[in-house]
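Both of the next two complexes hold chain A, though its partner changes from chain B to chain C.
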Partner chain A sequence: MTTEELANEASAKDQQPTTPPPEISPSTATDDNGSGGPIILFFILGLAASLIVGWVIFPQLLYSQKKQPVDFNHALHNELVEDSCESCHFFREDGSYSGVPKLAQCIECHEEVNGEDPEEAKFVNAYVANNREVPWLIYSRQPQNVFFSHAAHVKMAEMDCVTCHGHIGESESLKVYEENRISGYSRDIWGRNIAGIKRNSWDRMKMDDCAECHRNEGVNQNSVQTLRGGCFVCHH
Partner chain B sequence: MKVDRRSFLAFILGGAAGTALSPLPWKITDDIAIWSQNWPWIPVPPKGEISQVSSACTLCPGGCGISVKKVDERVIKIEGLAGHPVNDGGLCPLGNSGTQLLYGPERIRTPLKKVNGRWQQISWQDAITELAAHLRQLRANGSAQAVGWLAGSDRGTVPELFNRFLTVYGSPNFWRTPSIWDSYELALYLTQGTRSRAGFDLENADFVLSFGSGLIEGWGSPGYMFRAKSMFRKAGGRMDQIEPRLSKTAAKSDHWISVNPGTEGALAYGLAHVIIKERLYNQDFVNAYSSGLPERYQQVIDGFPPEIVSKITGISAGTILTLARDFAAARKPLAICGQGQGHVPGSLQAFLAVHTLNALVGNINRPGGVWAVPEPDYIDWPELEIDAVAAEGLQKPRIDGAGTYRYPNARYLLHRLPEVINASAESPLKVLFVNDANPVYSLQDTAAVKKAFEKIPLVVSFSSYLDETSAQADMLLPNHMYLERYQDVPAAPGFPKPIISLSQPAVEPQYNTRHVGDVVIQLAKELGHTIGAAFAWDDYNSCLEETLGDRWDGLIEDGFWVNADYSGTQWADAFETDSARFEFTNKDIRTLAAYEPIKPEGDEAAYPLLLVPYDSMRLASGYVGSPPFMIKALEDTILKGNDVLVEINPDTARQLGLSEGRLANLATPRGSARVKVRLTQGIMPGLVALPRGLGYSGDNKFLDGKGVNYNRLSSPVDDPASGYNAAWGIRAKLS
Partner chain C sequence: MKNGNFKKFGMVIDLDKCTGCGACMVACYAENNIPFREDDTDKMLSVSWMHVYRLNNGKPFPDYEECFLPRPCQHCEGHHGHSPCVSVCPATATDYNMATGIVSQIYPRCFGCRYCMGACPYHVRQFNWWDPIWPDGMEKMLNPNVSVRMRGVVEKCSFCVQRYQLAMDQAYMEGRQEIEEDDYQTACTETCPAGAITFGDLNNPEHAVHQLAQPDPAHEGRPKNPKAFRLLERLGTNPKIYYLSRREWVRRAGDNYLKGEFQNKAHS
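On to the complex of A and B.
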């Protein structure tokens, strides 16, 4: 049988229904074509499935979970130092910000194992002993095309660390680092909330959050270095 | 309930609506945007403390100051050092690419020894012990003179350590890499009686007459020449370029005077002829501070009237007359010579001719003129104790014949070494140390050089890279590269003031390398006896610090020391000749072989064309090859793919039946190579121009197989007056 013949036969069948048309009753008026109810059901099914995918499964797939190489106790260290955060996260003489401490700073106290914490022992044995920098995963690392000056914010605008970084200084353990599989940056930039809703100023670190504060505080709209405005305040 | 097309569509619609109401599309879009703006495979320097180290570049002899920018302990950028007297912030592409030489994969990471043709690792101590045993044996056999040392330069503490070692050991065979400065030094010595280096106060000249010197192609210290050329041009100075090819320097000049290659000296004598004949010379200087002009005129210059010079050079007599008059009429005229970047010493008589021009206009040790800059004198080490063996070795003639009756004026004749070795049954040189030099690539007729190197029983290379010479070596003792070591840089070629710069480490040595100065000191100590006693320093750094004395702190701080007030010795005290005057001729000059244009090798019938090399700032042609940055930036008029382009005149191409872009075979008496043809009016008919700095064959994946090495196709020609290599080209054919 050729395709054409098959088609003709099918069309002939359509024109000669083998079963009589069902009786029309008001209760079944909506599915008189055989699928009114199922259509909505399927729509709702699709809707529900995609909402679950979008809100629940996608966020779990998007981020990979990484453990920090050493579980650092901020609270413990904060008690021992004099100058709070800046004791370790200091500004260099030229005004640039040192960021996460390098091994050289840690060695000042941890040349040998001081306490009984296994994490400290791990740190000393694996890194100090081998003179290897710890590959810390940085929750607040911004994309390369962003220019951010800590000096401008902390020294000039006298902002607190907490405003952007939250209460990490009081934490006793480092949370799991969730790395965005597409962009490679931390989940903390977009924020824990996948919808992007924030309650605290430190919940997110996206461009809009920078812009919001700059707008609210009436910050100089031009870059101090380049004197250019718009994108060039923060972007190279 | 049946699943039909409609319900499927409803499911999809629901799914689409749900997706739109979920964060998925918006979040993915945002993430992809961030990803695409920050391609993760593009290397980005790590964040860290930014610092800079003031140092000096030693990739060429130019002596430029550099500012090495680092993030923590990683070098990320090299820039010219602002305020450095030589280059004041400017830097050439090679200097800029130094980071790739530091971190590139080509470095030799540990001492190596060749065993049965294969490299094997060896410890530093074993290497030094083995070398010492070998050297001790040679001395015991009375063959101390069979040890030679080849260095990039003969100035500064490092070459001085080599020299000291050879002297106390008992060998006269030290070489430095040949260059036009050999001829310049000799011309200054013969006429002015001083052992000094030629400096050019280019920035204050108002008419620079260049006999083929590539002022903006790496002649002298490129950092200084670029800057000085801009300064005198901005002040309205005139610049005329005499050479058969339209080089970048010629293109930037007021006049490009296309001259038959190799006849520049005749032109200089022709100009002198006009200046003397028309009495346009500086009467004050010539009458009161010089001697021998009438005799020199009678014996030499008189033979170069414009009509004859016109025939030799191919330049019209009218042009010669005008040029001579313009030159003499300028307030501060300056004549310079030495082809291109100055790799070939050239004809001494031609240098004397050009120097005569400067003397005639009295522009010696004057603003805008040529200055005899005193050699640095800070190296003042204790006297050596020469034992009987050393004394005997030092009495022996140099292997290359320099300083012997044949070549009484030459100091180093490296280009003759392969010939001497290849002509003897057994190499007269038993051990050769090579530092900051790549002779198997950079000496002409590389096949002969390679053969000679194979005959030398022990070649020790201090190169940080597996270059052509290292490949021929028997032992590799890699030096720290310049960003990892201290070293004094005691001059900048052509720079008019006494200057010392300091190379200082920007980073710790990356590999198991050792400072060549330390190796010499350790080797001497291992040999002991008078040799060990001559090297009392603990290590090279203490030797350097002690030698520089009071200047050390300033050098560490600023990166350089300069005598900024120096402005050339006054005429009355400047000349140390017998007459205490500038001598246009004297007993030494009189005995020199007369000037005649140097004839390159080859038979005109078999090789109707002339192959000439040219230099480019975009190609390194010293002891290191071009790093990848430079090869990337190379224009496609020089290299297309792996094919080098040769320049020929369209007339020549028509005669040969060649067209633009065609592949051709370039043959000389020394070899042949595949090249691509480039037609240009910027070259004299009958010539083929090939760039220097390509055709490497070491072990460098970024350089090997790209283009052709000019030195492989050409051969040296002895200058009859000095013995230096004076080959400006070689006969060739293109088919």
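On to the complex of A and C.
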């Protein structure tokens, strides 16, 4: 007998059923599912709970809510000044940027209480009278190793303040300052949307947002290593 | 870059003028927030972006001569910006900027592997073994335009790039796109009491550095001025620091010939 015939015989034996197949009764099938239901429900509830914790509760815990020392009405002031934003947030002659105004600029008008707004009274009595600077919380403050040039963007590239800062100039009161409890940075850097979805150019102020615009506009794409934007523009 | 106007900032140091006073080193420490320790005598552990070396011609008294050699980062261009340190950095923490020709060091990206220190033939890179500790009150005198480095990262001379940024800001403010030679000068250049250091754009024939060094674009910027030389020219690092000396032994020392090597080369 050749090996081939042996193999054929062996396979023929295997095909003959030695024992009858077990009959599946409908009653036993339903018995198995009886204990599975609560487990599946447990996992669905657990998944829902962790999604809620991760996407809703944790983001709320991550940021502490801080109120600005004085509520400021941008819209009201914007109507009174001539040079829009740059009237108070001005450039110095050497090209450096003043940022948030100091008390000296406010005193020009607010040496005494002018109106009936309680916030103005608070500002005059607590800060102007004591000659104390207002400890403003700066929404757009970047980490210390970031050197951003306002002159390059506003003067040279003639960009609008709104592009990065949004319509803060039309706001009637200052929004709550949300500080990241881990990093200490403002929420405006990461953006409101916890999933990182960006609808407007002013929604976020992360490095990727700077790089995106630099790439699209083709500015400072001088890196030899990456053939894209060099780090040395903002970090040095 | 949009306008395609590439600059190549470089330096010419006249070694015959240098007195070795070390003012450039002090200016560099102050400008760039360079950390120092209470006992900084061990130069293997200390950090100095600008370092003044002391050379001598190795001859006995009547013929003895000395020369001081200030050594900032050489900002090598190599071939098309592939300088030794840039080529080996695994973190893209050091980079060559095509627009300015400055070799950058990005501290937040550096994780301290020190490959670049091994690759650099000039010892311009230094490692921060400790966090900087400033004497009481001195932290108020730090330059706000330069980040302070933490322990575990490598640092080196940046050609005072913050001054370039400030000069550009002022130019933008005045409606200019370009800066003049005087607008951007490094701290060591401004400080040198002997006027030994000249700084400017090597690509601009109107700048003093170009006239002094006369870089030859056909030979990767090799100086046409017979008095000028670059350190370790034969390695092909294509550095942007040119040294001037009328003394031949100084020029030979710059190429670091081994004892007797120069004679062999001359004979063959």
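Everything that follows uses one rule, which is that the second predicted complex is superposed on the first by the 189 of 236 C-alpha atoms of A that agree within 3 Å, B and C clash if a C-alpha of one lies under 4 Å from a C-alpha of the other, contacts with A are read in each partner's own complex, and residues count from 1 in each chain.
The rule we apply is simple: a contact is a pair of C-beta atoms (placed from the backbone, for glycine too) under 8 Å apart; a residue touches a chain by one contact, two chains touch by 3 or more.
All figures in this text were calculated on a predicted structure; none of them were measured in a lab.
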Quiz item: Here chain A is shared; do chain B and chain C fit on it together or clash?
Solution: clash
Quiz item: Which of the two partners, first being chain B and second being chain C, lies in contact with A:S183: first, second, both, or neither?
Solution: first
Practice problem: Classify the contacts of A:K155 with the two partner chains as first (chain B alone), second (chain C alone), both, or neither. | Solution: second
Practice problem: Based on the superposed arrangement, let me know which partner A:F91 touches: chain B (first), chain C (second), both, or neither? | Solution: second
Quiz item: If you stack the two complexes on chain A, which partner ends up touching A:G196: first (chain B), second (chain C), both, or neither?
Solution: first
Exercise. Name the contact category of A:N145: first (chain B only), second (chain C only), both, or neither.
Key: both
Quiz item: Which touches a greater number of chain A residues, chain B or chain C?
Solution: B
Quiz item: Just chain B (first), just chain C (second), both, or neither: which does A:N220 touch?
Solution: second
Quiz item: Out of 44-52, 116-124 or 134-142, where does chain C run into chain B after the fit?
Solution: 134-142
Quiz item: Both chain B and chain C contact which residues of chain A?
Solution: 94, 96, 144-145
Quiz prompt | Contact footprint of chain B on chain A as seen in their complex | solution = 34-35, 37-51, 53-55, 58-59, 62, 92, 94, 96, 98-99, 102, 143-145, 180, 182-185, 190, 194-196
Quiz item: In their complex, what parts of chain B are in touch with chain A?
Solution: 1-4, 6-8, 10-19, 21-24, 27-28, 30-32, 34-35, 37-38, 40, 44, 47-50, 72
Quiz item: For chain C, which residues count as touching chain A in their complex?
Solution: 1-2, 80-82, 86, 89, 92, 95-100, 102, 104, 106-109, 145-147, 158, 161-162, 165-166, 168-175, 177
Practice problem: Flag every residue of chain A that touches chain C in the complex, lowest number first. | Solution: 91, 93-96, 144-145, 147, 149, 151-152, 155-156, 218-226, 230-232, 235-236
